[in-house]
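Listed below are the structures to be examined.
Presented sequentially are two complexes of subunit A, the first with subunit B as partner and the second with subunit C.
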Partner chain A sequence: MFLRNYWYVAASAAEIGRKPFARMILGEPVVFFRIEDGAPVAFEDRCAHRHLPLSMGKLVGDRLQCHYHGLQFDRTGQCVRIPGQELIPPSAKVKTYPVTERHRWVWIWMGDPALADPARITDFHWLDDPAWGAKASYLHVKANWQLVVDNLLDLTHLAFVHESTIGNAALAEHATVKVTRAPNNVVVTRWIIDQPAPPTFVKVGGFTSNVDRWQIIDFVPPAFLRLDVGATPTGTGAPEGKRVDGITMRNLNAITPETEKTSHYFWGQAHDFEPHNAELTEKIFRQIETAFHEDVEVFSAQQRNLDLCPDPPQVDINADTGVIQARRILQRLHDEERAALHVTAAE
Partner chain B sequence: MSHELTRKRDGAVKFRVELVWQGDTDDAANAASSIYLTADGRVILQGRTVSREERAALALPPDGEMISVDRPLIRAIKDML
Partner chain C sequence: MLSGWLRVAVLADLTDADAAPLAVKLGELPIALYRLDGKVYAIDDVCTHEFALLSQGFVEGGAIECPLHQARFDIATGRCLSGPATVDLRTYEVKIDGGEVFVRMPKPK
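What follows is the complex of A and B.
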């Protein structure tokens, strides 16, 4: 299941340059490059002539030249040169995708280009806001994108998968969880009061006694999860809105389906304390990265089992409440998108 | 939220989930009261106790505990559980 009329993160800004870059998005091969003024461009990664991936070609000025027979395509996807032939068939063109750059990521619109309004791009300003220290990265996941969304909406797993970094038993046993479901949004707010800090929080926050810890997960379809996480010494007023003597971070996640069984996982970690301390930024990043590699192993193992037995019965528990709401929203949006497509086709 | 948490400092909180459903508009009437899923397996609804006078006026049974819940809560139950 893919939702098409949405902006997705396609690549980090640094990945796209003057060398064609291939990436499969929502089951479609796409090639990215920058034209000479630096603007990113995305084509279907398939020559209109004999289907060779255009990513095997090279840039000639602002034109992408196919590696096979030298056809050249301009930034609109139109073929503008066929070696040895003056007449260029109008049908000699490749599909293009709207792309734009924001928050150090390159975003792509895989649906109806007429609907591609950049104002709809989900806000990830923490990644390039000077008031925050931040570092972002990418993971390739051998699993369906919704397994990653599920993972981030139910953080009880931190107690078991990440006990050496960001997890401890309190997350599963002593959390109060509030799930607020709006028509197109789920917010899961978790508080863990007067409990020991997990190892990562001790390392970067220097906590020596119990903390009040929060995890506020903001889910925006199709697969954006922005986590406001942190802790303060217990009893200092964090639940009442007073975040003093503690740490506040943002864990930022954008999952882009590659295929039905593989995903691109763009993520970043930002912190508002000592934002210009690059060493601290790196230290925090490494802790979270360790945890995320543990998650990737879980996703792959889940997918392997799902491949053996698709759609098996499963048991839901209380902690799944946010996950269930998000899945319902996604299914509804998918149904609405398909219905709109059928109406358009009928017209 | 904060008041509840403050009260629980004197004892470790058991895991529990609260669900709140919000409608299509910001209208406060569109927000449902909470549904609580507790660690011991219960589903607890937030509502208002029905008084002895109301029971009499509405010809409701005089015995047993009764609560009145808003219609958005019913919609939330249908939509969320």
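What follows is the complex of A and C.
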């Protein structure tokens, strides 16, 4: 199940340059490059002539030249040169995708190009806001994208998967959880009051006694999860909105389906304390990266079992509230997209 | 054996504004308190379908929706309005006294 009429993160800005870059998105092969003025461009990664991936070709000025027979395509996807032939058939063109660059990521629109309004790009300003220190990265996931969404909406797993970094038993046993929902949004708010800080928080926040810890998970479809996380010394008023002597971070996640069984996981970690301390940014990033590698192992193991038995019975527990609400939203949006397609087809 | 009226909460912990249910124990029994239009209701907090805590669910139009499988129950009567649950919730008598909420422990059958 894919949702098409959304902006997805396709690559980090640094990945796209003057060398064609191939990446499969929502099951479609796409080639990315920058034209000479620096603007990113995305084509279907398949020559209109004999289907060789255009990513095997090279850039000639603003044109992408196929490696096989040298056909050249301009930034609109139109073939503008066929070696040894003067006339160019109008059908000699490749599909292009709307792309735009924001928050150090290159975003792609996989649906109806007429609806591709950059104003609909999900806000990830923490990644390039000077008031925050941040570092982003990429993980390849051998699992369906919804397993990653599930993971981030139920953070009780931190107590078990990430006990060496961001987790401890208190997270699962002593959290007060509130889930609120809107038509296209789920927010899971978790408070863990007067409990020991997990290892990562001790390392970067220097806590020596119990803390009040929050995890506020903001989900927007299809797969954007922005987490407001942090802790303050217990009893200093964080639950009432007064965050003093503690640490506040944003854990930022944008998942892009590659296929039904593999995903691109773009993520970053931002912190508002000592934002210009690059060493600290790196230290925090490394802690979270360790945890995320542990998650990636979980996802691929889940997917292997799902491959053996695609729709096994499963039990839901109280911690699944956010996960279930998000899955319902995604299913509804998917049904709406399909219904709209049928209406268009019937017209 | 506890019996009669038990103090389970202070009224100030219940707000009309976001209709947030409050999970409390009536003796050993998990129940949830709801304040709707100024009146307080006490009903079972465990979904009759698969043990979800209904107080973690969603209040809409005088009904509580189970957080897991979307069964709905009427808050005032405990009546099951839609599946997958089929069994109603028990309701409990409530009285407010001096800003405190008392719920009557049902007599053992």
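In this section, the second predicted complex is superposed on the first by the 347 of 347 C-alpha atoms of A that agree within 3 Å, B and C clash if a C-alpha of one lies under 4 Å from a C-alpha of the other, contacts with A are read in each partner's own complex, and residues count from 1 in each chain.
Keep this in mind: contacts are C-beta pairs under 8 Å (C-beta built on N, C-alpha and C of every residue); 3 or more make two chains touch, one makes a residue touch a chain.
Remember, predicted model here, so these are calculated numbers, not experimental data.
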item: Simultaneous placement of subunit C and subunit B on subunit A, clash or fit; value: clash
item: First, second, both or neither for A:T189, with subunit B first and subunit C second; value: first
item: Touching partner for A:K203 - first (subunit B), second (subunit C), both, neither; value: neither
item: Which superposed partner A:R243 touches (first subunit B, second subunit C, both, neither); value: neither
item: Which partner reaches more residues of subunit A (counting touched residues only), subunit B or subunit C; value: B
item: Subunit B versus subunit C as contact partner of A:V179, first or second or both or neither; value: both
item: Which superposed partner A:T321 touches (first subunit B, second subunit C, both, neither); value: both
item: Which superposed partner A:G235 touches (first subunit B, second subunit C, both, neither); value: first
item: Offending stretch of subunit C which, after superposing on A, collides with subunit B (from 7-15, 61-69 or 97-105); value: 61-69
item: Those residues of subunit A which subunit B touches in one complex and subunit C touches in the other; value: 177-179, 181, 318, 321, 324-325
item: Residues of subunit C that touch subunit A when the two form their complex; value: 20, 50, 52-53, 56-58, 67-69
item: Subunit B contact footprint on subunit A (complex, rising order); value: 156, 172-183, 189, 191, 193-195, 212, 234-235, 239-241, 318-319, 321, 324-325, 328
item: Complex contacts: residues of subunit B adjacent to subunit A; value: 1-2, 4-6, 8-9, 12-24, 34, 37-39, 76, 79-80
item: Interface residues, subunit A side, partner subunit C - complex; value: 177-179, 181, 315-316, 318, 320-321, 324-325
